[in-house]
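Naming follows writing order (A, B, C and D), and every chain is counted from residue 1.
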Amino acid sequence: MQYQKILNAIAFEASKTENRGVVASYIPELSNIDDGKFGIALLDEHGDFFASGDTEESFSIQSISKVLTLSLAFKLIGDDLWERVDVEPSGDPFNHLSLLEHENGIPRNPLINAGALVVADILVSHLRHPKQEFLEYIRKIAGDTSIDYDLKVAGSEKKTGFKNYAAAYLIKSYGNLENDVEDVLDFYFHQCALSMSCHQLVKVFYMFANRGKCLEHNPYLTLAQVKRINAIMLTCGFYDEAGEFAFEVGLPGKSGVGGGIVALLPEKFCVATWSPGLNLKGNSKLGMEALEKLTTKTGLSIF
Amino acid sequence: MQYQKILNAIAFEASKTENRGVVASYIPELSNIDDGKFGIALLDEHGDFFASGDTEESFSIQSISKVLTLSLAFKLIGDDLWERVDVEPSGDPFNHLSLLEHENGIPRNPLINAGALVVADILVSHLRHPKQEFLEYIRKIAGDTSIDYDLKVAGSEKKTGFKNYAAAYLIKSYGNLENDVEDVLDFYFHQCALSMSCHQLVKVFYMFANRGKCLEHNPYLTLAQVKRINAIMLTCGFYDEAGEFAFEVGLPGKSGVGGGIVALLPEKFCVATWSPGLNLKGNSKLGMEALEKLTTKTGLSIF
Amino acid sequence: MQYQKILNAIAFEASKTENRGVVASYIPELSNIDDGKFGIALLDEHGDFFASGDTEESFSIQSISKVLTLSLAFKLIGDDLWERVDVEPSGDPFNHLSLLEHENGIPRNPLINAGALVVADILVSHLRHPKQEFLEYIRKIAGDTSIDYDLKVAGSEKKTGFKNYAAAYLIKSYGNLENDVEDVLDFYFHQCALSMSCHQLVKVFYMFANRGKCLEHNPYLTLAQVKRINAIMLTCGFYDEAGEFAFEVGLPGKSGVGGGIVALLPEKFCVATWSPGLNLKGNSKLGMEALEKLTTKTGLSIF
Amino acid sequence: MQYQKILNAIAFEASKTENRGVVASYIPELSNIDDGKFGIALLDEHGDFFASGDTEESFSIQSISKVLTLSLAFKLIGDDLWERVDVEPSGDPFNHLSLLEHENGIPRNPLINAGALVVADILVSHLRHPKQEFLEYIRKIAGDTSIDYDLKVAGSEKKTGFKNYAAAYLIKSYGNLENDVEDVLDFYFHQCALSMSCHQLVKVFYMFANRGKCLEHNPYLTLAQVKRINAIMLTCGFYDEAGEFAFEVGLPGKSGVGGGIVALLPEKFCVATWSPGLNLKGNSKLGMEALEKLTTKTGLSIF
């Protein structure tokens, strides 16, 4: 595969695109990003790295972090996890809280906010220093100690994240949150505020394409666990655009409102894109288009 | 009307009833109540008082307080109130939070929890010492300075009221809560923890049957305001049993999970009942039956 | 009461109103109506008749007919009726079908379409010639044999009433419709196509203000039945504007998309208005305003 | 791969399983099936056939037919299809009608009943003899002229399919059904009543694993079309158990209430199972277990 040539072509087309979507504005720290940014990075099955554009610049990974906390919670407590969170697509763009009410506090899947809060609660229960230990877990997988939280972003979300407070208290009212809401949200706002570049993202997500092993061949997850997380990413990774992404791109993946997307083809490659402008569904506009081009040009997808 | 005779008959029948419903157990302070209690008190248009049973014993008025905070907020800000809360029945037994999501943070009416939180927010904004001033308002209307908050109940609700926290944060996320959630809930948990007897309740609610004037003939509300609050009680006062209550009893009224119910016939009477056991919809079982008997025996209802 | 003077004033103000709402257009027969029409008619407790404007002209009573079929079904089968339809406000502007799904085919109340279909089914089961016998029932109460169905309207609704077909089939799927959907809908489309004037409407609805007896003093309903129907009108008679109507007008009533509204104050009067332009909620705009003025000017309401 | 050995082991374990789920009973023709039946058949990438158990016996394929009508409609009108039906998981076990109301008559995906009705409408519009031409399409792909409709099943569904009538009329009320409801449902009830064996199913679905070409190497769909249908099967093929199936099995597939399931691994194999007992979610209990074992034993899945 001539990945480098393909990434260059995609980055070139992105640079020419006028309609770049709208940068998320709900917290000031996100809204200040230059919407001209675009990067795409790829690690193939041999560990070879390809990149084009702004792939070394860090951005707020936001919801992409939900896959990483999920992997750590799954590692820690195994299938007990599924007693506290389901694995079905939410199918509902707008009211995850009403779903919680219908389903007695069991979130539909770990990649919507409600589910990620339950996962965060599990980490807060099982780790002595949750924020620090989660950060070390990421750094170790990536082999990169420069990865860190953006504390300004975390603080900003804390001040405005009323809907996440609402979700956390609702889950707690159903008995599905063990710790204090404040503690869970403090962890949650930090995980979302992880700051990473496309390059760092593919190094961390490489394990999901590589049967659970990181670039250094250290095992972090079993093959069965990796397959399950990949299945969840495919069916639930893009909110109410999950079907669209499976349909147009055909890869397990996860997006964040910071404009990042990671996706992977098992045993073939892991890819990350970044472009801050979002489409109407809240996913990076150019990132979605880039990944669609990647699977079209390479002819590679899980389907 | 031979009210005394009728109340005696109702209290006698209540004393013989075996199925008394189930006492609310979500906070220990409520669950310890003796379910054998029953009282019914009535004030007629001449100010004459009739009572039978446990009508001098105080209990937690809980949601009945929502009518009282509504009356004070209405008095304070007039029809501006209706820009922040609607007046439609909620029609939904179980998921007031999803309604909030559908309706962008405008609660359906002031007598569901979400609406009462917005009303509480208004009082917190407009009163210098909200808890104290609201209590004085009640005491003055009743002409009874012994009315007070039950601080143990208020504290207990604070510790377990996660669903109210969820609702408050959700409303705040839509910009319909001006004050800090903690401040609004502190007031809200106190208002619900008002401790009153049937006798005290009819003295306070007398103004809704008496064109806005209390027993001492002091005006608290205009006739138009009283009519509007009565209309809201009729259509929204009994959760998803509002239609049933209008249908079976035919009076504006309001119930609380403490087992109290107040109801009134404009320019005729105001009545309060207390029996701690609740029916499946969360309204006092014997209280509902008592009021049904009262309108049947007297032939008096608004319809 | 100087009803005539008040009605004249209301009709005069209506004639000056520029914003008259929008005439229903979903069937051509309704959309052709002149939106300049306005009438208001009132029968007081003594049987005295007052009128102003176009009160002798017939129009399509549409959903107002639901109260009349309800009264006949209630008369025929008594309280068994409530096993097939509930009495709670629907609280939901837009999706009565989803409510049916949540509640296993038991419509929320007899005044929404789904509930009226169940009532129609009862009449189809219990009457030998349903359309003819229902018409005779109305004619007899009114003492007016000129009341009739508008067959063009009935035929037109049959051709376009897909949503009513959907509701009927859904109810049937839950086993709450005994007869063929086609038969029930044929009856239903006829009842909605009853053509009556304001004058005729007050003659028929007089019995709901007169303890169950028509103008000729013949009893049609018991007092208990009348009170229950009045309670249902108050809580459910105006779709998702029921609370607003109770709040602004304070009378039991029912509207139809043909622009008619009837309302009543028990033992005082029965009133009907007609103005074809509707507000955003589907109720006659000038009619709503007229009734609000009536209760304000007379100071009479149930609250 | 030693497929034959694996299928034998799976069939042997199935024969020992006591809890076989519950046979669908909503129409008599389905409820009479012997729940002891079990078959599993597989076609690999070389066209080699493997089978164990009752793989030659025909059963009602029911919802599995939705993938086949989808493929024909997609072939006929291309991407115009997606203007009339979406590709998102429904996420809702129980009320597809309410979703239709929320989304203005655009079904969430072509594999729920509402979506399949829109697809059926497209075929009724574009085919001169819809039932006959669809049947010939299936027979030609399979190279098997013995495949046919079970007319008793089709007739039986017509008599009891009230919920499908409701869905069709609701879609029509939104203008998303071109033909008469009766014509669309006649076609729909026939497609669901297709009677096929596991052997015949893998012959037809082989094209989805073989880049759009049937066993005889004739092209029916483009590669892009196949990938899109596979993506839809993965995200939407198992109602509210779609996530669970992706999670546990990890293959695109589709189930039917007749107890059949088909699934496939692109460019590797196509598999069909049959066991009439269903789990609580309406999918074949033993079939689900068999496919889980297949992907575990072979280590093959798309993730």
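Assume contacts are C-beta pairs under 8 Å (C-beta built on N, C-alpha and C of every residue); 3 or more make two chains touch, one makes a residue touch a chain.
Since the model is a prediction, treat every value here as computed from it, not as a measurement.
The interface in B-C, A-B or C-D that matches A-D, meaning over half of the contact pairs are the same by residue number, belongs to B-C.
In terms of the distance between Cα centroids, chain C is separated most widely from A. If you average the Cα atoms of chain A and of chain C, the two centres end up 55 Å apart. Chain B has its Cα centroid 47 Å from the Cα centroid of chain A. Multi-chain contact residues, meaning those touching two or more other chains, do not occur anywhere in chain B.
If touching chains are joined by edges, the resulting network of the protein chains shown is one closed cycle, each chain touching exactly two neighbours.
Inter-chain contacts occur between A-B, A-D, B-C, C-D. Those residues of chain A whose C-beta lies close enough to touch chain B in the complex are 94-95, 97-98, 100-102, 162-163, 165-170, 172-173, 181.
Residue ranges on chain B touching chain C, taken from their complex, read 86-92, 108-109, 223, 226-228, 230-232, 234-236, 240-244, 246-247, 250, 252, 266, 301-303.
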